[in-house]
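Report on the following structure.
Chain naming follows the written order as A, B, C, D, E and F, and within any one chain the residues start at number 1.
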Amino acid sequence: MKLKQMLTDFFNEDIGDYDVTTDHLFNEHDRSELMITAKESGIFCGESIIYEGYTLLDDTMHIELLVRDGENITPGDAIAYITGPINTLLKGERVILNMIQRLSGIATTTAQAVENLNDHHIRISDTRKTTPGLRMLEKYAVRVGGGVNHRLRLDDAVLIKDNHIAFFGSIQKAIHQIRRQIGHMIKIEVEIDDKEQLLKAIEADVDVIMIDNTDITTITDWVKLIPDSITIELSGGITPEDLSQYRGLPIDIISMGYLTHHIQALDLSATHQPIKERV
Amino acid sequence: MKLKQMLTDFFNEDIGDYDVTTDHLFNEHDRSELMITAKESGIFCGESIIYEGYTLLDDTMHIELLVRDGENITPGDAIAYITGPINTLLKGERVILNMIQRLSGIATTTAQAVENLNDHHIRISDTRKTTPGLRMLEKYAVRVGGGVNHRLRLDDAVLIKDNHIAFFGSIQKAIHQIRRQIGHMIKIEVEIDDKEQLLKAIEADVDVIMIDNTDITTITDWVKLIPDSITIELSGGITPEDLSQYRGLPIDIISMGYLTHHIQALDLSATHQPIKERV
Amino acid sequence: MKLKQMLTDFFNEDIGDYDVTTDHLFNEHDRSELMITAKESGIFCGESIIYEGYTLLDDTMHIELLVRDGENITPGDAIAYITGPINTLLKGERVILNMIQRLSGIATTTAQAVENLNDHHIRISDTRKTTPGLRMLEKYAVRVGGGVNHRLRLDDAVLIKDNHIAFFGSIQKAIHQIRRQIGHMIKIEVEIDDKEQLLKAIEADVDVIMIDNTDITTITDWVKLIPDSITIELSGGITPEDLSQYRGLPIDIISMGYLTHHIQALDLSATHQPIKERV
Amino acid sequence: MKLKQMLTDFFNEDIGDYDVTTDHLFNEHDRSELMITAKESGIFCGESIIYEGYTLLDDTMHIELLVRDGENITPGDAIAYITGPINTLLKGERVILNMIQRLSGIATTTAQAVENLNDHHIRISDTRKTTPGLRMLEKYAVRVGGGVNHRLRLDDAVLIKDNHIAFFGSIQKAIHQIRRQIGHMIKIEVEIDDKEQLLKAIEADVDVIMIDNTDITTITDWVKLIPDSITIELSGGITPEDLSQYRGLPIDIISMGYLTHHIQALDLSATHQPIKERV
Amino acid sequence: MKLKQMLTDFFNEDIGDYDVTTDHLFNEHDRSELMITAKESGIFCGESIIYEGYTLLDDTMHIELLVRDGENITPGDAIAYITGPINTLLKGERVILNMIQRLSGIATTTAQAVENLNDHHIRISDTRKTTPGLRMLEKYAVRVGGGVNHRLRLDDAVLIKDNHIAFFGSIQKAIHQIRRQIGHMIKIEVEIDDKEQLLKAIEADVDVIMIDNTDITTITDWVKLIPDSITIELSGGITPEDLSQYRGLPIDIISMGYLTHHIQALDLSATHQPIKERV
Amino acid sequence: MKLKQMLTDFFNEDIGDYDVTTDHLFNEHDRSELMITAKESGIFCGESIIYEGYTLLDDTMHIELLVRDGENITPGDAIAYITGPINTLLKGERVILNMIQRLSGIATTTAQAVENLNDHHIRISDTRKTTPGLRMLEKYAVRVGGGVNHRLRLDDAVLIKDNHIAFFGSIQKAIHQIRRQIGHMIKIEVEIDDKEQLLKAIEADVDVIMIDNTDITTITDWVKLIPDSITIELSGGITPEDLSQYRGLPIDIISMGYLTHHIQALDLSATHQPIKERV
């Protein structure tokens, strides 16, 4: 239902009150078929965008999906056929293409990151650096691409960062104060910047330690100190190119703001089957 | 008011029900100051994001803006000081930084495009390829960067594209049929793909001709045929690097999906003035 | 989709939590047929109000539309048959009749204005003086009646009025300052009150000149000075009765706040078939 | 709060994303004063529209109201002074003027109806035939004009009309069935078309009897049969001109769809003080 | 339509972005059947919750309702069968069960109150003490249980309480001032605390007198003074156990905040027909 | 911001279009003071309801809070003084009292549960059985009362229940399949019904084991098998009276649907300082 609400908002934003071009050219009896095809290789993501989007605009639309979320596409692959009034096909095209290109782009980037890393003991995670208004969809695309999600919001997991410590003071006291108040389904992660903080976090037995913006040598040293029961996350400006250097390290997660911050839309196109000229 | 509604949605998306980290560390009496600074050179855009955003979260927040939309910033420049409860400063930070980085990125890219082009007879325009949900703000950022806006929605200007012609048939009949029905405040633009279409569009005396995805030689030929009274727009996958080649051409507009499609967030940071450790 | 949202709001406003009369008289098995008929001659407008309205209330409703938007109706004409639960037929009746009477009234008034004017070189336009909350529908009704729309909102066209000039000073500077910043799809109109302003507007080569509240002799003089390339709009308290005097003038548009300001609802009625089915 | 939500919707409808005229002419430092004055005599209604409307757009606006809801205004009377950014003054003007003209029009029409009737034993009431989306405000304007409100929605009072009887059958059974189920705070009104129905309604001891579309002779006969304990309402296409004929009749209420169906906006104007301050 | 909006909000509240348990276990092809059964005796209320709720989540769901609102259920009774994707069955279960248990609880409590009272001349009414956000549904459940509704909101009936009198002064003046301004479809009720107030209310001929928190002897005395034309309501902390003592008194209504204030959810359960283990 | 949206909805639900009683008795100049006091002992919860609620209705209201969330109150304690227009004081009273009584009731019940249990090694948790639409506030009240929150929504933690296993088959496979896909900030809890499931859950090293509806002897046996690293939660119809029997057991959490399912509103009252009778 959230998806329908989002798509409604996006169509209203793009269309406004009516389509001054197509609504003056066609009427409801002018029907055609729109084919969405791949122009680039990657991982497709967005089947529900196509389905729910065109259904919202006109619930008599006929929609056939040939590719499912997570499947590979290569240039020329047909992704979907949509049949209905030309009017509606054209009106919905920009928003729908825009969204599935973005989501497929995120899924593809994530899949490439997983491939670059090439270490199935370490997983790739997103961050909270998603596009405002699109987090639910962008985090879904990361999962479709083979990554996992970091926390969804500020309310579902604790992440004590440098700023919190700067304000609060003692890292141990901070962990203790939070732990006393939170429920048993919430994990505690601490971002550490130096060895002293690392040791304090280990001593406090947090669930996850985030090693932020640290060189590989230091990381290698630090991870030896961390017991198996604590999850280790690397973070901080990591790009797909950097990933291979972390292969084989005894770490659990590499989180990459990059996945949703540098969105490379995957090139898809919408082609229409033209009808004959009217007389 | 639209801005407040958008920011409310973005904060709800990011925060959820409460901030399980900061709300368990600080109370309303723990106050501090947050300073937003530039880490990269560019054009700033987002003063109302900072002001309305933090005011929405707490209307007693004290906000001082040192840079206005459209001004140049260089690394180290202080952009704003915000004073209030640590809690609220931290809770709002991600959404606000995220938005002003995106918008400043768009303004900066636009300003660079204008500079690359370096021809004040030709203007840089955006397209409808904006991020769903963020069009109003992204189009504002283009204006702040010195560009202009193409149509805001499908309801405020006519753009007859290849697909419309493919379905409808005759370009002249399409123009005629639309012109009969639209108001006098609406412009008609036609996308042309070949010389025949060009000549028909000229004959139909449209307001704007869009030359899409065409090589520079052909463009140079074609523009000679177009009377001064018709605005000429170049379009189709144009990147900032391509712009210099169009310098000096008798055209009016170069529209670039690139401006809002390849958003390079401008690097800004939020630094907090830490208070002393509690005893 | 906007229409559905509007109708939902209108039904909620009219019905509240439930219909304390019909919900205590009938249950879902009491079914009947409602017939909407014309009691007055005019132009019908509102087929989607009937269809979407009753479908929103109950998507199993059977709806047959006999008249399409823009068609003439005369007293006694059947417009639509709707079959379903009596409950829902009665509950939706007030909102739906109210809306289609208003919209048909606007379409009819517009068509009469076009007829009174009787000059197909001049078109009748609406203004921004629409009923708050109903602009999209009222502007649609104007189009259905054979008129055209003036700008939809403050964001899609420039209209420099007396107040703007009063505050800003020079008419030329105002035009120049705006022209520098707006996109190529936006037209500039200037309202002029005297000959000096007229000459300045012509010199600035605006797209449209609005001659506001001016006597026919002066208009006749002024229009001779305006080149063909500039659209001429008459405005200012013009009523349907005034229109014939402008017939034959070399002007393009007559805009009438009257169309949506003095709404004469067209008389339509809803009659129920108490028991037997229609044969 | 409902008023704020309504005004927000109306401003969004009228302004869109920004005001392409004023936002390119003025900045936030260009300040002025707007004066709202009467151009016609009548009853003013809309002080909260002015106050909440301009406050919503900019909460630093200075607003001085010189006339209160329900007071008489005559041409030239100053109604309000609003001081603030020119931008905002101009942007909000259309919606605010539009609304207060409509509401003052309704209040004035209502006051005239009360005066025409000139019988303080009989009150003038509105109906459910209000403008969709504006009922709360239009019903308020009727009260300001000295009228009273009929039911607000279908959920707050029972009104058994001809259609209900046509479907349900017996008038007594209908009253009985409803009375069994409704609460003690809900009144029951029955619309009667003939004497037989009248006698049945009296026998059933309903709270209110509506005599619909009946000639004065018949009304005079019928009212003699109705006991004092039952409220008598006349209804059905009654215009202000018809009212005097009902003066002195032993009836309680005359309900007029006319009040909100034939809205005559009261002429008010907004004048701007171009440069100098008021002294 | 209001119900759909409410259910949408409730599902969004409970589910969030996705169901991290079921969405990782099942896909859309895993289908099953969910059976809702009674575990306790009572009055069922909530057929539209089940139908609209599951239809909102997936409009291909097959839903069979075996019990209608207001019918008795006993332990083991099957209430509904819902067939569809396991995913959706599980995701919607908590909200739907929660709501129908609450509503059936209210209906059952109301029915028990009616039974305890055992005097069909006196009716049981709810109050405004409903759960914020759920009033429409809770008041419906009271009707389903055989009770009636007190006013729905502050806008549909007058209730002058002790606080009003405390502020305003004279009870007669208050009644007079309100009566002058309200419409003829609105009833006036006065809460009385002592005999003097009672006599004033009788003298003012109000519609309803509420005797609040008064002992049975005093009530018995007072009701003798009240004419038949005035409805008598008892109120003030009355529990189901107290009711029998009022049997036979010449009063009309007993209003009980208890009905919606002490909600005893009726125990219902959702059982799934398990499929065979996958290989 | 979510709180403001919720309170706006609640006020609209309770007030409707206006307060037909107070709005006809008082005007904005009639001012007074409302005092909220305790009539029962317990834990107060709802300071932001009072503050935001009355501020929403009128932002000039003067509000003084004497008790903070989580503090003990005893009969007669003054909780807050609110000064402003009588109108607004009366209009907001029902919603605000209703909410703070509910929330204080939840906080008090939670605090009593913690006291009954009297074992600071075991914490009391809520469940998802909250009132639809009020979860954020009810979970807050549980924290205020000294309890902790179970998961907020279906998206922030995994809870594999009997139904999941019934459909899916193997408990190990279910855990494995989910673990492969979820992020590192999400905990996995499994509900177990018998010893075999217990052993499988231990073997799968889940984060939390929920022992549901099990007798104390069996619990005592089972907890010996569970390693310290796994959190143990007891659940299933546990009431405050049952708690003492679990004191001293090596378990971590007792979750009680009771806390939000059997809400005992704490008795608070609003008393007004009456003004003198008007003359």
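Everything below uses one rule, namely that a contact is a pair of C-beta atoms (placed from the backbone, for glycine too) under 8 Å apart; a residue touches a chain by one contact, two chains touch by 3 or more.
Bear in mind the structure is a predicted one, so any value in this text is a computation, not a measurement.
In this structure, the chain pairs D-E and A-C differ in their number of contacting C-beta pairs, and the larger number is found at D-E. Over half of the residue numbers found at the chain E and chain F interface occur in both copies, marking it as a same-residue contact.
The distance from the centre of chain C to the centre of chain D, each centre being the mean of the chain's C-alpha atoms, comes to 23 Å.
Look at where the CA atoms of chain A average out and do the same for chain E: the two points lie 44 Å apart. Averaged C-alpha coordinates give centres for chain A and chain D that are 51 Å from one another.
Counting only residues that touch two or more partner chains, chain A has 16-18, 135-136, 152, 155-157, 181-182, 186. Inter-chain contacts, as defined above, occur between A-B, A-C, A-E, A-F, B-C, B-D, B-F, C-D, C-E, D-E, D-F, E-F. The touching residues of chain A, counted against chain C in their complex, run 8, 11-12, 16-18, 56-57.
Of all residues in chain B, only 1-2, 135-136, 139-140, 152 touch chain D in the complex they form. Chain C makes touch with chain B in their complex at residues 123, 125, 143, 148-152, 155-157, 181-187, 189, 208, 229, 231, 233, 252-253.
Those residues of chain C that touch chain D in the shared complex are 6, 9-10, 13-22, 24-26, 30, 32, 86, 90-91, 94-95, 98-99, 102, 128-129, 131-136, 152-160, 163-164, 166-168, 174, 177-178, 181-182, 186, 261, 263, 265, 272, 274.
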